[in-house]
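Below are two complexes that have chain A in common, paired first with chain B and then with chain C.
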Partner chain A sequence: ESVFRGTADLDSLLGKDLGALRDIVINANPAHPPLSLLVLHALLCQRYQVLSSVHVHSSVSAVPPPLLSCLGPQHIDSYARQRFQLGFTLIWKDVSKLQMKFNTQSMCPIEGEASVARFLFRLLSAEPQDPVAATQMDCWIDTAVFQLAEGGSKERAAMLRSLNSALGRSPWLLGQEFSLADIVCACCVLRAGQTTSAAANIQRWLKSCQNLCHFDCVNPLLQ
Partner chain B sequence: MTKENVQGAGEEEQQAQSKKALKKQQKEAEKAAKKAEKQAKLASEQQEAEEDDFAMDRYGICPMVQSQQKLDRALVRVQDLTPEKAEQQIWVRARIHTSRAKGKQCFLVLRHQQFTVQALLAVGDCASKQMVKFAANLTKESIIDVEAVVKKVEQKIESCSQQDVELHVERIFVISQSEARLPLQLEDAVRPEGEGDEEGRATVNQDTRLDNRVIDLRTTTSQSIFRLQSGVCQLFRDTLINKGFVEIQTPKIISAASEGGANVFTVSYFKTSAYLAQSPQLYKQMCICADFDKVFCVGPVFRAEDSNTHRHLTEFVGLDIEMAFNYHYHEVIDSITDTMVQIFKGLRDRFQTEIQTVNKQYPSEPFKFLEPTLRLEYKEAVAMLRAAGVEMGDEEDLSTPNEKLLGRLVKEKYDTDFYVLDKYPLAVRPFYTMPDPNNPKYSNSYDMFMRGEEILSGAQRVHDAQLLTERAMHHGIDLEKIKAYIDSFRYGAPPHAGGGIGLERVTMLYLGLHNVRQTSMFPRDPKRLTP
Partner chain C sequence: MALNLTINSSNPPLGALLTAEHVKGSVNLSVEEGKDTMLHVSDKVQFSDVNSITRYLARVAPALGLYGSNMMEQTEVDHWLEFSARRLCGQSDLSSALGDLDKALALRTFLVGHSVTLADLCVWAALKGNGESQAKPNSYPHLCRWFSFLSSQVPFSSVGSKWASKISAIKATPVEK
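Up next is the complex of A and B:
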């Protein structure tokens, strides 16, 4: 069952259909698999006909097998690209920063997992309409990336404390609604590998996240 | 002007002439004096030479090697001259790349294939004055045998490939002498484009190179190009044999043109005429009908197109693949693209030295690719081109500039120099191409591109005799002439697809070179039949 129900139309979100597959290209370094984007990919697949493919760029020599199958099995119609609404092309490449390329004629490449996650989330047209909630969501995403994923042990501990207290007040980070804030934060916690030692609220919240089956694709990459 | 003036001018001219004559005489006298001096010097030198040369038997010109004796002498290859061989006494056979005499010393650069080493000859215990002089006067490109001691050097020798050692020559014999004047200098032929202009040095143009191909092929760049090309062939064979393919040989003298009659060479064949094969197309398909399942062939292909471009030859080496598949022709695309990727990987891993040597003269970005290979559909390509401002029809063929632009667009988005374009419009493909079941305007055909240029053209073929006849008639082909071909499909023919690659183009585009003649050893084009 889908979590997000909107009435998004790709034409209105991405501009006029030119008769070609709208292919989202993501260049990611195999040393840092973008877990949150894999969750978003699963959500996009529920909503659209998505042609998913994984490639290895010649700049990296070997990639572990779980990374090659991280977008799940190939769609049975994958031989006909025209039958899909959206393309999701993940390229394992030697890049210093994760990068998304979409409409190369009019958009510059987008850098950073968080920025790409926001773009993909918008395609689900599920972002909060209320400016305060939207800003809160952005805020959680930023702190997750800068303090949890890239920060030192002190910063990480502080972030976990604030996560725990926020989750004591409501089931999800923004209240009653599951959002991108939950996806990115959960992926960062899972990534840091502190799930068993985490505080009770965080543990409960991670369970709820994993109960939504979009997180299934992340598990093989955590071992 | 007055008469006087004219006269005056005439006198002046006379005076000037007499002055000139005087000068001329003086110069001649000087010349004669110099000549006499030279002769005297030469005579005295000769005398000196005859006087005493203790190293007489350590140098000279060998009698022609006519297999008179079988010497038990190991010749070390220049590329094996490394610091591990230091202090060893060895024999080397190499060419004289350059020689430079400096007083009592003579520096030689010895070359074997793409490897060079510095050799030093100095007057001393082993070498006499005469011997050093002999070495200094050897002509460039002569082949010599040298006995020498390998010595480590303190400072790297930047100009040679063997930078850590030099040879101290003790004996030097000429095996084959080169004529003094070379039609082109090897240093000029390896100079990077552009660099020559800045320093006012010469570079050699393409035609001079090709006219003197044997010498041009000796350059480090050419040596590397053709060693890498041999690698392409070997990787192609190895990969396909591993996939269970069978190598076949097909006739090159054929009775009918396989793809359109305009661009074939006609040869007289006893009382009738025949054609030179444009591709082994029909024969590889017949092999499929004869249950060979997966075949490939490497051999010459002829095109009588009068096009003088950077990428067309009239004879080139075709690498052709044909394969029966189960249910979808993408099985074949996957097999071909995987073969290409194996070739690219093999070159990247095994031919790095060669790639770098070529890059020194012709700098280019390393070849990038994705695994599995990116596959786009024709409609997508048209949409990408339209988004970039190109106006073209849905079923219009890609022009060469559009092909290149598309290559740039694909590289920008996917960062790959190699991709497949699938589902071409049926109208622009040969008669034996299978139509697309979902849209009769399109076909099950594909092209593959390297650096924005087409290297392979392929398709699922029609394996049904009736449909094949229809398609041939639609293209206005004389059914009588292709009867044998159509008949091969009457007795049970498996669905199959394939494609053909040009070896020279693949090498050219992999290395990022600009002219296919650089990767053809003895190129043939409308204007060149020799060497």
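Up next is the complex of A and C:
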């Protein structure tokens, strides 16, 4: 069962379906697999009929097998595109920055894992309605990406300290509700690979995240 | 409840100041100069980075549409917020970022949708503070059209004249180490 229970349907979120499959196309570099997007893909699959596929662009020579199967088994009925509500197409490509293309007639290509994660999370209609909670969520996402994923050792240590102290006050980063802040921050901590030496509150929270089983898809990529 | 924005006057956050000007008719907000940039929401809640400050202000004034009018526009706004923070701030060579901006603006009056959003405010602010001199009209015609269109309007013109001269004065002063 999903942890999010929004009621919005895709037509009200994205405008009326014009007959073609709404395909989310993501170009990602295999050197930096976007773990948070894989977790969000798993959540989307619980909510919608998703036609998922993985491709390798000619700019990339060889991709490890776990990256080819990271969206689950290929659909055997993929020819029947009209049976699906959403397409999720992941292309391993030699890009300097992750990029999403969706509805390109009206939308510019979206750069960066954080912005794409926010988009996928909105499709679950689980964004906090309160402006403070919504902004705190965005703030955690930005700091995770700037300080944990790309920062130096000093910045990373500072971020881990603030994570640990926030998680001492509540089970999730925003309080009682699991949110995108938890998904993005947990994926950044898991990728940094210091989970066994992490502070107690962080360890407990990582366990809670992994107990939600949407994180299962991430495990094969961490080995 | 009244919001209070304190700004670091030796490094004024133009994007936050512009957003504050836009929302001041709809939100009870005071702005003062100080040491560190910080939006004080309550004793428990403060935001200190510019993107969080502008996001919060846009969210408490939803009627202005500064965060876009649907989830696709919201996502484009997110894209440009990150773009301004990463690719325009603290970079010396802006040519690829300016090229991307010029391309995006070729068929657009505003960066997102049909009215001004945080995307315009933050990208304009980043250019005003950093890359304005690199944006030559013959290389980036669409970007320059958009930039001068916004610059001519209040509050861009007032924020620009009040703070941008300060920024260039600060930049001209050698940094003491």
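Operating definition for what follows: the second predicted complex is superposed on the first by the 222 of 223 C-alpha atoms of A that agree within 3 Å, B and C clash if a C-alpha of one lies under 4 Å from a C-alpha of the other, contacts with A are read in each partner's own complex, and residues count from 1 in each chain.
Note that in this section contacts are C-beta pairs under 8 Å (C-beta built on N, C-alpha and C of every residue); 3 or more make two chains touch, one makes a residue touch a chain.
Since the model is a prediction, treat every value here as computed from it, not as a measurement.
Following the overlay on chain A, a side-by-side fit with no clash is recorded for the pair chain B and chain C. In the superposition on chain A, contact is made by A:Q82 with chain B only, not with chain C. In the superposition on chain A, A:R118 makes contact with chain C only, while chain B stays out of contact range. In the superposition on chain A, contact of A:S179 is made with neither chain B nor chain C.
With chain A used for the fit, chain A forms the apex of an angle whose arms reach the C-alpha centres of chain B and chain C; rounded to a multiple of 10, it measures 90°. Once chain A of one complex is fitted onto chain A of the other, the partner contacts of A:K93 are limited to chain B, with no touch recorded for chain C. In the superposition on chain A, A:S52 makes contact with neither chain B nor chain C. Once the two complexes are overlaid on the shared chain, A:C139 sits against chain C while remaining clear of chain B.
Of the two partner chains placed around the shared chain by superposition, neither chain B nor chain C is touched by A:Q147.
Nearest C-alpha atoms belonging to chain B and chain C sit 14 Å apart in the superposition, given in whole angstrom.
Applying the stated touch rule to the two superposed structures, the overlap between the chain B and chain C interfaces on chain A comprises residues 103. Against chain C, the residues of chain A that register as touching in their complex are 13-15, 102-103, 106-108, 110-112, 114-115, 118-119, 122-123, 131-132, 134-136, 138-139, 142.
Those residues of chain A whose C-beta lies close enough to touch chain B in the complex are 18-21, 23, 25, 27, 53, 55-59, 79-82, 89, 91, 93, 101, 103-105. Touching chain A in their complex are the following residues of chain C: 41, 45, 47, 49, 51-52, 55-56, 59-60, 70-72, 74-76, 78-79, 82-83, 86, 104. The touching residues of chain B, counted against chain A in their complex, run 328, 330, 344-345, 348, 366-372, 374-377, 379-380, 382-384, 386-388, 409, 412-416, 438.
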